[in-house]
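Heads up: the structure comes next, in structure tokens.
Labels for the chains are A, B, C and D, by order of writing; each one numbers its residues from 1.
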Amino acid sequence: MFKKVLVANRGEIALRVIRACKELGIKTVAIHSEADALALHVRAADEKVCVGPAESALSYRNIPNVLSAAEITGVDAIHPGYGFLSENAHFAEVCESIGIKFIGPSSENIAMMGDKAKAREIVAKRGLPVTPGSPGELRSEEDALQAAQKIGFPVIIKATAGGGGRGMRVVNKAEDLGRAFQAAQAEAKSTFGNDGVYLERYFLEPRHIEVQILADQHGRVVHLGERDCSIQRRHQKLVEETPSPVVDDKLRREIGRVAVEAVKAAHYRNVGTVEFLLDKDRQFYFMEVNTRIQVEHPITEMVTGIDLIKEQIRLAAGHPLSIRQQDVILTGHSLECRINAEDPEKFTPSPGVITKYSPPGGFGVRVDSAMESGSVVVPYYDSMIAKLITHGRDRQESMARMKRALGEFIIEGIKTTIPLHRRILDDPDFQKGHVSTTFLDRFLTG
Amino acid sequence: MFKKVLVANRGEIALRVIRACKELGIKTVAIHSEADALALHVRAADEKVCVGPAESALSYRNIPNVLSAAEITGVDAIHPGYGFLSENAHFAEVCESIGIKFIGPSSENIAMMGDKAKAREIVAKRGLPVTPGSPGELRSEEDALQAAQKIGFPVIIKATAGGGGRGMRVVNKAEDLGRAFQAAQAEAKSTFGNDGVYLERYFLEPRHIEVQILADQHGRVVHLGERDCSIQRRHQKLVEETPSPVVDDKLRREIGRVAVEAVKAAHYRNVGTVEFLLDKDRQFYFMEVNTRIQVEHPITEMVTGIDLIKEQIRLAAGHPLSIRQQDVILTGHSLECRINAEDPEKFTPSPGVITKYSPPGGFGVRVDSAMESGSVVVPYYDSMIAKLITHGRDRQESMARMKRALGEFIIEGIKTTIPLHRRILDDPDFQKGHVSTTFLDRFLTG
Amino acid sequence: MSRRRSVPSKSRTRRIVLPDAGDEPVHEASLTGGSAKQIQELIDLLRQNNLTELEFERQGIRIRVRHELLARPLATSAQDSVPTPPQQPMHSASAATSVSDASTGFVTVTSPIVGTFYRSPSPDADPYVEEGESVKKGQVLCIVEAMKLMNEIESEVDGRLVKILVESTKSVEYGQALFLIDPKAAS
Amino acid sequence: MSRRRSVPSKSRTRRIVLPDAGDEPVHEASLTGGSAKQIQELIDLLRQNNLTELEFERQGIRIRVRHELLARPLATSAQDSVPTPPQQPMHSASAATSVSDASTGFVTVTSPIVGTFYRSPSPDADPYVEEGESVKKGQVLCIVEAMKLMNEIESEVDGRLVKILVESTKSVEYGQALFLIDPKAAS
């Protein structure tokens, strides 16, 4: 096992990793920008190194400085968290080359899964269901038209290097395809430096279902059930839950099997998340593999009892999986609400000093946050300041617990999305589980 | 189900009950003394009534004022928490007589189990193992000598109305018995207003093992496994855990069966705890039944997933048990550390203003507390200000998690027992589970 | 301190088994050393710091020390450093049911128990007392019903009833202000 | 601002694949408007409030504004209200590697990267510079080794080297102070 790990991140996920390391008896090194010199994740670690100014490109994403910090502190491994360098295949490759273990999949895994069209191809070749679409990257408008006519309109054009909704275009009829293709290419080029695009059937009210997997160096893979992340605003997840209210045991077995086969097909190792789209007819389609620990990993931990970060560290250290598929038992139901430092109606960022911070407590309530009274929410990074997670015997109990916990959560001095979450919890459609990825748009405009 | 419940308590247990009521959709009324006007449990409730000055005898234990508060707020039921009026058979009886449900067992149950010698008799008659001792109350010194010679020295003399170590005398040889008998009688009389004493074999290094039970109005009883509460200082529990490191499946089944039979013999209803003494030869003996929710109930909640306070409220409302014995599955291991506002070495109370309060968080960590930054620990009540509870896949993980959580817990402005808990967690005997009720005395003097 | 007498209610709809509320030492406790000391500290703070107002608020304790300007002519400025005694510290362990306010000189009669406030002995009877009337020490001012027992609350000063602070039939909690009496206006 | 040049290390024990550290715009960023404004607010606060010292500390931000009494004769009292500019605000988004301290007039040379500090080009070579010596703009002061690349740190002012703040072979973090230079003592 590693003796010392550098945590190349900040905020709640840095603290989450440091906590796991402490419980494993591993020493930790925090890195920080000048804006985070007094942050909780820095104080929680055994050592700390300032790696640059506030801007993340010059600090948390500054590969030479992060690696130098790892060298001067003599760590065995680097945990990248999520965001920042976590899906940077080049960073993972450099770590490998200098003998510092990157806690995540191999650089090849990251590179392969980072190419969305390629990942689809691998999975489709294995005979697994992918969203109907172009077989690979589209070379021309003609290519696009042919593919679209084969699968039927509406279709969505996506960047192969994409993510976060950029480079995407929904096309409803053939005559709009040419212009959309060119626009998507241009946007993909300017955003990702790569004009590769592909095309898929566009589903109107799908659910976002993802499956957590664990894979060891010996090729053994288990899945830990699904997460339903359909409550999104502009492709940003806001509320997640497990089990999904629409996934029954049969569907869970099927989708789990497909997720396991998909990562096996890609010779994927470490933790990962296989994302699916579930349509109204309960057909599911592979979308992509996320090669990092996810923001919403805690809800899976709550129902399985498995500490995903510890498992990730053990896998990276070469340990075989400590669990078999039949050992994975999902108990109860778990919800997560992402608390962002934003205006709950306009979603404008709300940085500033948290004058009072008092988290909820008691049975079935978990808070993952690096905030406390007096903390400063700086404007340079992601606006998520806390994850509120509840666990109950069933969905009804975990919702009741979430409502009660949201009512207890006091964050003063800045605006947060807590009021929005309380409204979502009160929504009859949400309570019945009748949601899709379009729920929040209708909810906000309605 | 009840519409509105008055919580006749303060601090963390009042907040615990209010949280459960909120999750059940029940309105709550807090009572408070003048010293607690701004306390968190008061602010968390829907309504509040001041019932007297700081002294608990004039406020929280003032039966006329508590019942008047229940009447003017129109509640259906009263939850007594632990301590204060929770084991007052007279209070339960008055509640019954005026049609307000006392959330706990019947007044007869409380009265019967409150007489420790009587409870032993009932259980012994059923053929269940009780500590070898006098059959009932001792009438004279001759009685005492006869009983002591039958069971063998050392013996312990206890008050029938006793608790908390008062009225107890350990006697090592026959010639000391007479004086000890008289002293115990006098102490029992002056402490409890009742000079009844009885006698038991005195075990040298026993473990304190207790079994949580749930019993409904239809006489169905289930047990939720044991709690090991051997880490005590002067009969006050400090650290509790479940499962006990020395109880295996076979012993768990046996001790659980005896606990269930004991409460069935007493026609006991609602939640309760059957306390046993476990000697070095793994023989266990019934000691007594606690007729309230216990301070340490959360560790049972963590491993069973069952919300004991909600279950208690449902049972009091006449609902049948929602679980059968075979539904009770113990998952993982849970520890609780009681954080007291005390000097961690001298155990002198440390009231005052909490200038900074920052509880630990993350996976497997639960904090039950009614404190926050700026809270005042008043000197009138119990010194326990927080319960830190961890849950892990096994004892090793829950201990590692407790160590890390104790390290994160910031309480400034007063002294707390956190440093003592950190020392206990570092103790090799504790880590191996080699403890008895004498552990802490040796630990503190050694 | 006002006294209360328990008298049986006329409407006995429920059987009750209760210890006689009159036996409970509800109003025997004195101000505890702890809170008296804290209040003194605040007074000292106010005096030393030349303040007119000092408010101390913490969970479980709320104390307010204020200097009323209207009570006396000031020596030099608004920053008079002479403090007045605290107005009814909420944290007081005393179950005092009458508290004198040094700024106005009025005596506040508070409820020594939790219950329902009645201004008259029965629904069709006249109120015990009206605003503006003179009251004598020992005169019954109201009833607070608790658990079907009618507790008469008596004045413990001579004076004039300045203000009735609670509406009849409303519930009152422990320590709630019921009346203001001006003892200087004793006839 | 000091410059650094990357030169290959002599001891190549590990193969590395790295983007050229010199290409990274590490020291191109300017002081962000946000933090500059906050500092100005503090300065205004200090001026308005007639203070000698004002410290502002929050998680993620630590700013200290202090008036050094020794730097100039005081007008009236120790409570001089004229503030000095902030000493190297830690929150600054600028990767400035030289910061001038108005109270002493000294320039602080800080590390623009994370790495290991060496005072000489090789273990058996003489140090680049000693305390008390004159330095020229562009003169190499030390090496900070990062990922086996030797980055030469140059002075960007003429002056006298007052103080070496880090021992040779010790690791340094981003922004860590390495040298104090007195530019007034330029020969």
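Keep this in mind: a residue touches a chain if its C-beta (ideal position, glycine included) is under 8 Å from a C-beta of that chain, and two chains touch if they have at least 3 such contacts.
No experiment lies behind these values; they were computed from the predicted model shown.
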| item | value |
| --- | --- |
| Chain centre separation (subunit A, subunit C; CA means) in Å | 60 |
| Computed distance of Cα centres, subunit D from subunit A, in Å | 38 |
| For subunit D, residues contacting two or more additional chains | none |
| Where subunit B touches two or more other chains, by residue | 372 |
| Topology of the chain contact graph, where touching chains are joined (line, ring, star, complete, other) | line |
| Contacting chain pairs - touch in the sense defined above | A-B, A-D, B-C |
| Touching residues (chain side subunit B, partner subunit C) in the complex | 34-40, 49-55, 57-59, 62-65, 67-69, 71-73, 93-94, 97-99, 353, 372, 374-376, 378-379 |
| Residues of subunit A defined as touching subunit B within the complex | 15-16, 19, 22-25, 44, 298, 301-302, 305-307, 331-332, 356, 358-359, 361-369, 372-373, 393, 397, 400-401, 403-404, 407-408 |
| Subunit D residues touching subunit A - in the complex, by the definition given at the top | 14-19, 21, 24-26, 29, 32, 34-35, 57-62, 90-95, 113-116, 146-147, 171, 173-176 |
